[in-house]
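Look for chain A in each of the two complexes below; its partner is chain B in the first and chain C in the second.
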Partner chain A sequence: MFAYIVRRILATIPVMAIVALFVFSLLYIAPGDPAAVIAGDQATPADVERIRASLGLDRPYLVRFGAWLWDILRGDLGTSIFTNLPVATMIQQRIEPTLSLMIVTLILAVSIAVPMGVVAAWRQGTWVDRAVMGFAVLGFSVPVFVVGYVLAYVFALELDWLPVQGYTPFSRGFGPWIENLILPAVALGSVYIALIARITRATMLEVLQQDYIRTAKAKGVGQRSILFMHALKNAAVPIVTVIGIGIALLIGGAVVTESVFAIPGLGRLTVDAILRRDYPVIQGVVLLFSFIYVLVNLAIDLAYTLFDPRIRY
Partner chain B sequence: MDGGRTAPLPPGVNVAPEMGDIMPPVKAKKGFIGFLRRNPTIAIGGFLVLLMVFVAVFAPYLAHRDPTALAPALRTREPSAQFWFGTDMLGRDVYSRVLHGARVSLTVGFSVAFCASVIGLAIGLVSGFIRLADSIIMRFMDGMMSIPPILLAIALMALTRGSVGNVVLAITIAEIPRVSRLVRGVVLSLREQPYVDAAVASGTRTPMIILRHILPNTLAPLTVQATYICASAMITEAILSFIGAGTPPIIPSWGNIMAEGRALWQVKPYIVFFPAVFLSITVLAVNLLGDGLRDALDPRMAKRL
Partner chain C sequence: MIGRRGLMAATAAGVAMPSVVGAQGGAARTLRVIPQANLTSLDPVWTTAVVTRNNAFMIYDQICAQDGKGEIRPQMAEGWEMSDDRLSVTFTLRSGLVFHDGERVTARDCVASIDRWSKRDPFMQVLQPSVAEVAALDDRRFRFRLHRPVPLLLAALGQTQFPCFIMPERIARTDAFTQVREAVGSGPFKFLPNEWNPGQRSVWAKHDGYVPRQEAVDGLAGGRVPRIDRVEWTVITDPATSANAMMLGEQDYWEYPLHDLLGLMRRNRDLVVQQRLMDGTYGIARFNTLHPPFNNPAIRRAVAMAVDQRDYLTAVAGSDPAGWGACEGVFTCDTPMANEAGSEILKTRNIDRAKAALAAAGYNGERVVLIAPGDYPQINTLSMVTADLLKRLGMNLELVAADWGTLIQRRTSKEPVERGGWSIIHTTSSGQSLTLPVTHLFLRANGPNAWFGWPDDSEIERLRAEWVAAGDAAEHRRIAEALNRRAMETMHYLPLGYYWQPSVWRRNVTGVFRAPATVFWNMGKA
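Take a look at the complex of A and B:
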């Protein structure tokens, strides 16, 4: 068990190293001359040279990668070309709204999607099942920002129940904080809900055919107890795995959701950085999100024993 | 009545009346029409996709005006008989722009699906057959898969000049790891099949085994995957254009039209609304096609999902 945990943690190191190598190498993979692209059309050759030097493109690839990796390990994500502030500081200032949005979305999505999937599996083939599956197809097809605009139009502009856009820090109280996050969280969560509901239904259908479910029914265990205690527990591992993998969707969607709802988080930072071609900022955000993704999935892997005591390493 | 019997029966002889079949035989229509009837999702999805292809191909004839023609005097007109979807803040006809937007979306969707499938297939085959390459390639793919695809595409677009070709390239790179994983998984399970063992035992060379026995069996799951990639590529393209990292603003793509309508969406929601509806319907159609193909090609999966 302990050996497994150590091995699993060590196994993430090469993955992270490859992420770092890849994110770093994008500067070299990209077609054309990145320094010229970043400098923009009105740049003088001197500007281009200055940016080339600040990106380190004038030094050999491996030397540059070594220095960059060493900086990353010390928590230095580089310096913004545009503001001249350290990227790590800029991220720190913007991280709260993004983390809030993602956590609220995660809780909301899981608490809606899992019961949806369970009920769909329980009532397989009925209109309830069809409605859930239909919703899942829609959730996959309607892009985040479209859902966002529709929600904002109906619930904020027409009905005036919730604020249209903006963000209130958590320090100003739970009420205003959550009020601003509900619509973005539903918009961002739509794909995620579709994904989790689908996998929950599929896994539950499989589990519900097992002998022990029939035994439980035969000895008179109540329907709810069968579904949620006997079946869902045994279906937990694939569901939790998909919740972890789906975080990639949340991260990508958060960038867009933040621009729709004018939330001043990392997504906005990224979008602003794109417009200014501030590559170090983009690089820092991509790296940070990828590491979060790897770490969350590591935690989920290690937590399997909690959901399923049969798993012993 | 009983046309088969000609001679009259002798008196006193009783013949049991002919019984009809208890159940009429199932009329399984053969051919293309029958296939569509049995798979309504493919029919609906396919029809909508073909409709969008039609719109994209004939956009210049269906459009009312030049999609890039400015008319400041006519700006932000509400939808009317003259301007079906209204006009945007520069007076351009939203209807004509949305029709032309289908071209960008479909080009990106189909190109990414094709390129990612071909490259992913090649990587997956190599990885599934060469043990040494497998561990290196798959470690690398694990790393790439840890980068959320949209962010990877954003990072690539920040380094290149905005063009449809670069958008295709960026999204393709982000999608490759998933395809290679899928193909590798299929290849690994196919290698254990008795008929592959038989082919090996009878002295078939590896390239021939791949070509004759492995490749044809990867095509079904790959086709399904390709449709899903097409759908997600169209969404990614719209997202990239929407946040200003995609197709250059002069080209009317659905993401660009929405990005331009963004500032006015609270007062003139139709500028955002129409491209959003077209995008959603197109993605929905491609997804339905994918679901239908998956059910038709893999009946075992169909029961579960």
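Take a look at the complex of A and C:
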């Protein structure tokens, strides 16, 4: 197992290298010029050129890529063109809100969606099943920003139960921290709940028709025990896979949710950097997201061994 | 019904409450602002972004500044003295001026700051050939020595568009094309770098050592009194969220509310919606004069005949005429140079006559590429109205949707449309910069060095140079009329009128005053 983990971690190196090359090349050929943004309308072409030169943007592709790669290998993600701050500092400032949002969303989604899917499978064809599936269709169909606006209107503007925007760091207490995260997590989690609930239901239906379930019922095992101890454990592998794949969904959804609720996270940092063509920031954040995704995949693969003893690495 | 505080008391851990209470106490001495954009750079010389300039007004001070009537008044300067031959101007600084790092402001700081600023400011670059030297005479006095009289010197030094802010000499020595690494000024508020989270929050604290002028505040002139302990900018990119934050009292001041949401804001009794900026925002459509069809002035004029500014302004700022105004000349309306000499063509407003003029001009179905920036709501709206107009004129239009970052790169292309070029772009500009021929970006017609579209017209350039050299107001006025007439003949761009950009603040915010820029001195909270 340990050797497998080491092998998988080493395998991330070529993956990250390909991501780095791809991101750098894409930004190089994409239209846009940060020097023009900085210089503004009044600047002459010569002024723009001087700013471009001072930022090193006039150097050839290979020179720029080589310099960036060398910095990355030394653990330096570079400096933002606009703010003059190290990219690592900017990521550090923004990572807590995004991780908080993702963790709360994940906990919320899993704790709601898995029981929903189990119950829907157990009560297949009844109104409960139809209600759960109806909710799932709704969750898939309504965009995150619409859910966000509706939640903000009802719970912030009308009821004044929760703040409409912003983020409070965890260090200032659990109460203020969670208060700011409830609405965004519910909004972001709506799609995720729908996805997990549907997969849980489908997998559970398949498992519930297995012979060993019939045997358990014949032996008089209780309904709850059958559902959660016997069936759910065997249905867990596809569910865990979907949860892992859904992390990418969360990263994408966080961009919209962070904008709607003014959460200063990595999603907004990325969008802002893209709009301004702040290349070092875009490259740094994309590399980080790629790394997180690779680690999540590894964690999911390792989690399989917990649910299915037949899987060994 | 239980509100948020009640719910918090019921559900949150008790230990969390002190921080909430503390935050409320601080809120009374903190002005919480939603700025018009994200503050990404602090150096007002390195970048011309308006948000950076607004930040700079808090951190830095100016030698002289514009009052409510547009006159230039002393600010850091006690006064100035012009020699009888008008070939030297000596400025004397007020006593007691100190930077945020505790150092005294000296004339050497002013000289270094003027030197760096004049390398980037287009206005000062026009005057620079007439300046022989700027030198410190002692700690409090510095002198401009001139080759010839420069009547516009004070206007350049005190301008709001690209203000001359004073930094410590050690910082002002930085190359004008390189961003400074410290934000240390002598203005009424000091920047708190440790609390800066670009894209989320920027914070300034009152500069206790600031010595304001004794006069009452008047535009950007007069006493810049910091009446609040902290100013906090929180970037909220979503207008609906900004509106909600204002209505719930989570923020105190919203600089650029979306016009669509103004009605909602006005109906809320806790909010004040008012025009604070003294100038409107002017829209323009720029032709690329290098390539067909708009290398033909008759075709440009034909399109102008179809333009009705009210269509544009209604689309951008709504149907209430109080929110906008037609301005059918090239200079900012209601300013000394404003005139409509030769502007009759913009009053045609007739599609059929425009179509006839287009045919007579020899339009032959050449492709017209219009680039619209989807992430810039106002400019995008102006672009859509022009697109509709060109379609109704029967032109062969290709509408390209792009983001602003792409547009500002593509507009630099001098290639024909078949090779990635463009035909029409739109932008907006503060009325400030269209007030004088010397700062008017779109009027310039110096070919390759002109603004994008690169018009070339020696008559406009000659008139502009004549205006700079002219000494009296009547002469300025006469030349401005000639410029307007010539601009209507060449029609290098279409003036699309102006709209007002009101701001919103909570009713407990006090001391709000009209000014040419968004500034936060003199403002407090009841």
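FYI, the second predicted complex is superposed on the first by the 254 of 313 C-alpha atoms of A that agree within 3 Å, B and C clash if a C-alpha of one lies under 4 Å from a C-alpha of the other, contacts with A are read in each partner's own complex, and residues count from 1 in each chain.
The working rule: contacts are C-beta pairs under 8 Å (C-beta built on N, C-alpha and C of every residue); 3 or more make two chains touch, one makes a residue touch a chain.
Note that the structure is predicted; figures quoted are calculated from it, not measured.
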Tell me the contact category for A:L73 with respect to chain B and chain C: first, second, both or neither.
neither
Should A:L10 be classified as contacting the first partner (chain B), the second (chain C), both, or neither?
neither
Touching partner for A:P143 - first (chain B), second (chain C), both, neither:
first
First (chain B), second (chain C), both or neither touched by A:L62
neither
Now for A:S259: first (chain B), second (chain C), both, or neither, which partner does it touch?
both
According to the stated criteria, A:A39 is in contact with first (chain B), second (chain C), both, or neither; which is it?
second
Let me test your reading of the model: by the given contact rule, A:M1 touches which partner, first (chain B), second (chain C), both or neither?
neither
In the overlay, answer first, second, both or neither for which of chain B and chain C A:L275 touches.
both
Now for A:P163: first (chain B), second (chain C), both, or neither, which partner does it touch?
second
Across the two complexes, what residues of chain A are contacted by chain B and by chain C?
31-32, 37-38, 149, 153, 157, 164, 259, 274-275, 277
Can you check the complex and tell me which residues of chain A touch chain C?
31-33, 36-45, 47-48, 50-51, 54, 80, 82-85, 90, 93-94, 149, 152-153, 156-157, 159-166, 172-176, 178-179, 259-262, 264, 268-269, 272, 274-278
Spell out the residues on chain A that touch chain B in their complex, using ranges where they run on.
14-19, 21-23, 26-27, 29-32, 34, 37-38, 137-138, 140-146, 149-150, 153, 157, 164, 198, 201-202, 205-206, 248-249, 251-253, 255-256, 259, 270-271, 273-275, 277, 279, 282-283, 285-286, 289-290, 293-294
Chain C to chain A touching residues, read off their complex
1-4, 7-8, 11-13, 15-17, 19-20, 38, 40-41, 46-49, 120, 122, 162, 175, 177-179, 181, 197-201, 234-238, 240-241, 244-245, 247-248, 250, 375, 402-406, 408-410, 412, 427, 429, 433, 441, 448-449, 451
For a test of understanding, state which residues of chain B touch chain A in their complex under the given definition.
139-140, 142-144, 146-152, 154-161, 166, 169, 231, 235, 238-239, 242-245, 258, 262, 265-266, 269, 272-273, 276, 279-280, 283-284, 287-288, 291, 304-305
